[in-house]
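Next come two complexes built around chain A: one with chain B, the other with chain C.
This part shows the complex of A and B:
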């Protein structure tokens, strides 16, 4: 199952405000962690864990980073802008997220494969 | 009357976020407010809202394309007519030109169908099979029932018990479209049963939404849909103002003042924001946008600009908005759609930064204007819409006094054919005004989460 579509916002969606790279490369996990931290700071969320040590086993919600379901949705939209593709609504809606690792695995599996040199 | 509905349905909604000269305050999680009913520790999250709606909420693209399937369904009743109230003008002896956008000519009877259709489309696209919601007067519940039917979704409506009893026809038309409708507090949720057992007065919009949320979280394939305060609801409703702008332009008119009743914001934002756009982009434009609220629920004119819960559960996000407190209760109020304790954070922020105005009127004055309007113009306004009628009449009378001739535009957001018991009460002299004293407001505000005082957000 793929959970992503290329970043060509159709007439039924509002695409991300800023275009990111064409593909998600091997640093997708790093980008996920960075966006999570940026959003936590931007929203002044008081996390139970230090933000410079966001590890995969950290809980996203209460008792961990304190991310609400609404903020997690915002993080997905920010990730679209950073990674340059849009997630399929149905795939996101059908998933469950407990830890940072859950989020990283979901985003990594959703990202389109990196393009090879010369590929258009 | 002059009709000028020879325009096409807009291809885009207008996103005012693109033109705001200020940032909207961030939402807070219940944890940040120290809520005792916040999310259980370590529980995994399932996301309720389609990403497409979130993109619309936080994006800053000015024009957001209306999906073709939504636009096709809009064709059943859009564009709606823009009418001029000639006889009302004559009766008032004013030189003001009064136009109104009539949104009651669809099967749901109100403006709510514009966002209901859009939301049902996006939820279905996200794989949701069933939507739950809370409704006050029943307009939103009816609109969502119609929209769910259009896209093959099941629908469960928790209707404020008082309205459920007062308006049995609302229940019937929702059922006619396949919805399951129960009075709130209901026996179908844990919170509803608790409220009934404790004889807690839960007959209000915030509690109905609480029940709908509990239901959605407990049911596979279900999601909560809300009809007024969310930014995307307001966005979808801008189709009203965009049409009106084009219709007025064809008549060579531009409004000096735009009015609409205020529940949580979709009706007011829907007609006003496409006109406010000109003012936001160019200070030479002087259009006034006036929200008309009920003096029985005066969130803008008597509330405070603070963080509060958007429903009664204490588990949803907190937003900074004008509020009377999520425990505020209003009784004997006929405009049930204006009973919500707060105003959306977008409309609240615009008011806070003085881009819009607000007035509040008593229901006997509002019904007097509604009767005058229906006798002269031939359309019976819903009690909520009648607030805009009354506001427009006050503007026209002021123009007569000042010797001016402004163009007044208001949104007649729905018809009142389900509200005959309210009109009967008015005609029989049994209607009383609801008096909200300062102590009642102060008491309710005492339950606000003390976010600002804890230093988490600047006031």
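This part shows the complex of A and C:
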């Protein structure tokens, strides 16, 4: 699954390495899971798993949480609002998001590192 | 150079961009300029290719020319006229900037879905400005048609119409109506239908590429001199 929506033109371009280190810490991962659950509830999507058990191995699309490409786009919009930054167009459009874990890894690797005490 | 819209450019294979035929590429709703540009980069090397990005951001990697709502009961679409009008104004200024910057020998359009609708609107409003239009899985807005009914003889202007037979976004019937209307206005039509969904496949790109090359070649063929 990609974040592309109905007008997707042709094959996906190569995306970034989405399996990078979790530089943004557990809070970002928690925000991703919360936004996914909130959007599933808001859109009354019938998921194959209880929403309080959204684990990284769950499939995002059909056969799993039932998240459409359009809903995934909404999730990214909510993530930008929650995290306070914007994602690169090409990075999101080129990435593939099969599972919750793919999404968590992508977002955490894209997020800026948290500022430590004493940094300016 | 800062123009009215974000864009990517592929210069022609030989010589400079100035004076070369130019293809303006317009993507559809919910994507961005990158994917269609990647596909168009393989088109005829005589072309300068410019892929413009729609001005309204939906989210990361997703932009639109105008918003719309679909009635869940009837499937009827309601277009955000104000947004379409504002985007068209920006697109027309962008075309002015392209002409001023590159002075293209001929100006072609290639659009997919909402981008095709915008490309056709541009053409219908100022047909003399363009040398051809490739229109994939798009339509024409009725409001725009009403504007161009009076003047707009298309006078043999070349069009490629491609539409998917299983298009769930813009039904084939709407694509055929649009094509037929352009034909009645005098457009010279190449029309193909594809047994796919609302996608741009390699086969479709190949057909657009061939149509572009043939059209450029015909329009720029040297005139034969006949001896008495």
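Everything that follows uses one rule, which is that the second predicted complex is superposed on the first by the 91 of 120 C-alpha atoms of A that agree within 3 Å, B and C clash if a C-alpha of one lies under 4 Å from a C-alpha of the other, contacts with A are read in each partner's own complex, and residues count from 1 in each chain.
The rule is simple: contacts are C-beta pairs under 8 Å (C-beta built on N, C-alpha and C of every residue); 3 or more make two chains touch, one makes a residue touch a chain.
Just so we're clear, the structure is a prediction, and the values are computed from it rather than from any experiment.
Student: Looking at A:40 after the superposition, I want to know if it touches chain B, chain C, both of them or none. Which is it: first, second, both, neither?
Tutor: neither
Student: Tell me which touches more residues of chain A here: chain C or chain B.
Tutor: Answer, by number of touched residues of chain A: B.
Student: In the superposed arrangement, does A:107 touch chain B (first), chain C (second), both or neither?
Tutor: It touches nothing on chain B or chain C.
Student: Which partner does A:32 contact after superposing on A: first (chain B), second (chain C), both, neither?
Tutor: The answer is neither, since A:32 touches no partner chain.
Student: Between chain B (first) and chain C (second), which does A:54 come into contact with in this model arrangement: first, second, both, or neither?
Tutor: Once the two structures are laid over each other on A, A:54 reaches no partner at all.
Student: Between chain B and chain C, whom does A:98 touch in the aligned arrangement: first, second, both, or neither?
Tutor: Touch partner of A:98: chain B, not chain C.
Student: Between chain B and chain C, whom does A:76 touch in the aligned arrangement: first, second, both, or neither?
Tutor: After superposition on chain A, A:76 lies in contact with both partners, chain B and chain C.
Student: Both chain B and chain C touch chain A; at which residues?
Tutor: Comparing the two interfaces on chain A, one with chain B and one with chain C, the shared residues are 12-13, 70, 73-74, 76-77, 80, 86-87, 89-90, 92-93.
Student: Given the complex with chain A, which residues does chain C contribute to the contact?
Tutor: Contact set of chain C toward chain A: 27-32, 34-36, 38-39, 58-62, 112-115, 168-169, 198-202, 205.
Student: Quick check: in the complex, which residue numbers of chain A touch chain B?
Tutor: 11-17, 42-46, 59-64, 66-74, 76-77, 80, 86-87, 89-90, 92-98, 102
Student: Where on chain B is chain A touching in the complex?
Tutor: Answer in residue numbers: 15, 26-32, 38-52, 54-56, 58-61, 64-70, 121-122, 125-128, 223, 317, 456-457.
Student: Report the residues of chain A in contact with chain C in the complex, numbered from low to high.
Tutor: Going by the criterion above, the answer is residues 3-10, 12-13, 70, 73-74, 76-77, 80, 86-93.
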